[in-house]
Amino acid sequence: MDEQLKSELRRQGVVATSLQELYNWGRKSSIWPLNFGLACCAIEMIATTMARYDLARFGAEVFRPSPRQADLMIVAGTVTKKMAPQVVRLYNQMAEPKYVISMGACAISGGPFKQGYNVLKGIDRYIPVDVFIPGCPPRPEALLDAFLMLQRKIDEQQLTGPARPRHLQAEQPSEFSVPQYSEHDLVPTRNDAVWHAPLVNISNAGTNESGRD
Amino acid sequence: MSVLTEVSIDTISQPANDHLHGDLLEISMGPHHPSTHGVFRMNIVLDGERVVKLKPVFGYLHRNHEKIAEHETYLGSMPYTDRLDYICSITNNWAYALAVEKLAGIPVPERAEYLRVITGELTRLQNHAGLIGFLLQDMGASGTPLMYAFREREKILDLFEALTGARMMCNYMRFGGCRRDLPSGWMEHAQKVVDGFPRFLDEFERLLRTNEILMARTQGVGIVTREQAINAGISGPMARASGVNYDLRKVDKYGIYDRFSFRVPLGEHGDVYDRYMMRLLEMRESLDILKQAMRDLPSGPIMDPNTKIRNFRPKAGEAYGRIESPKGELGFYLISDGGPNPYRYRVRPPSLINLTLLEQMCLGHNVSDVVIILGSVDIVLGEVDR
Amino acid sequence: MNLEEIKSQIEANVPGCSLEIIPNASPSGQHSLLVDPEHALTVGSFLRDGASPRFDYCSNVTGVDWPLKETTAKQKTKKIVDGVEKEVEEAVKTSTGDYLEVVYHLFSLEDRQGPLVLRMRTGDRAERVHLPSLTPVWRSAEFQEREVYDLFGIVFDGHPDLRRLLMWEEFTDHPMRKDYVDPDDYEYEPTAHDEVLKRTQAHYAAQETPSGAEEAR
């Protein structure tokens, strides 16, 4: 529909919309996050829901303790190898459509604790992530920004065609394999269906040359 | 006297002829649970609603702080201490700085000591305020007390941000002093926050001190006696709620705590209510200390000029330094072999050791009481698992 | 509080135990007492109940790994070589370590004294790693000894519930030991440097068909 006509009609008190817009508007305005904190970032996440930053303005203050009722998992903090299977299992238990915000340096890559033997080097090795927020911990404003980014992402989704999101494609998986504890490490150490090592030429690392080709 | 209470599931007898008596139910509470204050897990065996066995499971936030510190320089570990008990970063810095100062014999200038007391007590205020908010949330007072508590916490975090550049991860202390002096106008702002804080406490106490539901839920629940507390190494407000008169600010008089007059509140019953009240009373004493420290703050340097920041290599030896953190006795045990990294770096986590008696406190109570007993211990998983 | 005094108190009350004072050169001046494992439990009970001051509060339990360390120092000695006295340099080998150690920090609540630092050492780092648990004396050691068992592999005899504390049950290593090798999961390092760079390069060298390197070409 012509945008100009639409705004003209709106001024007359007539709201014209498409099913896709209505559907996306409904979903983006009521993202219910999972009540799920891991570490330091969780405190900033709680601060975001409190009176000062007031996440309720974006329709997302209803933190659900059960993954069955939640749309969004905020991975707020360091994911240890001991915790990683539980995180993946919680993600699998969430109903589609579901989104993941990877909050803070630890959830992205292991952050300052990257060299720890029990620290997972990024939750995106096991589950797909929609928005990454850098910071240690990110400020509440950064989390709000990630929220708005996720809302834009939902707003742009097509309901039909090849570019439609995962939950509308029957052949796409909605569950991912849960890693198992083993004698020295998790098995497997990554899910190759989700994560590929980025193209980095390690032989250039440590020199002034850029690591990327 | 044996202080170990061993409950094995085989020894819990079930009445044979009681057909109303059901089977025991084993549940795993956590690591994802809204009331476990992070990724803590308890394996609980229930007889109806009653807890007959409880085993805590740790390690879901074990991020290898001690191992990483062995590969870091002494100063390089300072930002990591922020992330131990991530609600009280400044007191963690302080404990670590104190241990290194003991190890290397570094003096601290007077103004820095005052700044440490001021920031440390502000940290205690925001920790205790947050804790009672969370505790009441666990009790079912959904939202409101926590909102009140976070309102006050944000005011203190603003002060931290103005002083150190970060809301939570302050990284403020250095060996032999503090990193940065007060920015202009900070003291007036802090004075306002400190002067306004009693209003919050009064409001909170008026609402909840003698609230009937609160008293019914907390009094007589999760009792720890004085002897048990000492033997189990319980420290901090939790030990004092059981009547153990042991506050490191009075005992060790580290820093300049001998210059301030303040009282150490003690509990009589050692139950959840006493632990809750202990936090409220300690906040009042912290405000007293803050008032005195802010009044007497001298001018002068904030770092010992002879301290080496780079190439800091303490002589071979070891030291154990401890402070009264808001959670209890936070200690750092360092072994140096003369190199730039500590040979062994150990954190004595008050949160972990305060959980020693968790099973004993919960036995015989309802599963809903487990949540508030755990809440009253005041744990932060970053410190429990390190 | 005088460590010598406490040592003689223990020696008078716990017959047969052997104690040694380990001096500490740092300005903290916290010297420690090495206790033989056979009598550690009796020494612990005596310190808790009979000593003066009574050490009723065990604050901290730490594991320390001391792998075998051989140092060769050159020493000049005077020797008579062919009837003439000469100064000869000789390499003297000394080896230290090869044991695991557990350190207890005790305090007295009543007399507000401490810390009294107790140490115990295992026979070696592989087979003889048993030490008596002091949890029956101080309950506060319960979780901390489990942690030491988990991360260092010291087996505490007499511990009521000796399981891994932090790592999962299937885990077989003891990661806080100095010779522990991390799992090799350095597939992606955007800004590798120093230690991490070495590990990353080792990771790609270890793979026969390096997936990351192949993609990079």
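Think of it as A, B and C in the order they're written, each chain with its own count starting at 1.
Here is the rule we go by: contacts are C-beta pairs under 8 Å (C-beta built on N, C-alpha and C of every residue); 3 or more make two chains touch, one makes a residue touch a chain.
Note that the structure is predicted; figures quoted are calculated from it, not measured.
Chemist: Could you say which chain's mean Cα position falls nearest to the mean Cα position of the entire protein shown?
Modeler: Looking at where each chain's C-alpha mean falls, the closest to the middle is B.
Chemist: Which of the two pairs, A-C or B-C, is linked by more C-beta contacts?
Modeler: The comparison resolves to B-C.
Chemist: If every chain is reduced to the average of its C-alpha atoms, which one ends up farthest from chain A?
Modeler: Farthest from chain A by mean C-alpha position: C.
Chemist: List the centre-to-centre spacing of chain A and chain B in whole Å, with centres computed as mean CA coordinates.
Modeler: Those two chain centres are 31 Å apart.
Chemist: How far is the middle of chain A from the middle of chain C, if each middle is the mean of its Cα atoms, in Å?
Modeler: Here the centre of chain C sits 43 Å away from the centre of chain A.
Chemist: Distance from the CA centroid of chain B to that of chain C, rounded to the nearest Å?
Modeler: That gives a centre separation of 27 Å.
Chemist: Where in chain C do residues touch two or more other chains at once?
Modeler: Each of 166-168, 175, 195 in chain C touches at least two other chains.
Chemist: Hey, what residues on chain B touch two or more of the other chains?
Modeler: 59, 62, 64, 67, 71, 385
Chemist: Which residues of chain A are in contact with two or more other chains?
Modeler: Residues 82, 115, 117-118.
Chemist: Taking the complex as given, what residues does chain C use to touch chain B?
Modeler: 24-28, 30, 32, 56-60, 62, 64-65, 103, 105, 109, 112, 115, 117, 135-136, 138-144, 160, 164-168, 175-176, 195
Chemist: Using the touch definition up top, name the residues of chain A that touch chain B in the complex.
Modeler: These residues of chain A touch chain B: 35-40, 42-44, 46-47, 50-52, 63, 65, 67, 77-78, 80, 82-83, 86, 90, 106, 112-113, 115-119, 136-137, 139.
Chemist: Which part of chain B faces chain A closely enough to touch in the complex?
Modeler: So the residues of chain B touching chain A come out as 31-34, 38-39, 59-65, 67-68, 71, 79-80, 83, 86-87, 146-147, 150-151, 153-154, 167-169, 381-382, 385.
Chemist: Could you pull out which chain C residues touch chain A in their complex?
Modeler: Per the touch definition, chain C meets chain A at residues 166-173, 175, 180, 182-183, 185-193, 195-197, 200-201, 204, 211-213, 215-216.
Chemist: Under the touch definition given earlier, write down the residues of chain B that touch chain C in their complex.
Modeler: Listed in rising order, the residues are 2-4, 6, 58-59, 62, 64, 66-67, 71, 102-105, 228, 230-235, 244, 246, 251, 314-322, 329, 331, 333, 335-336, 343-344, 346, 348, 352-353, 355-357, 385.
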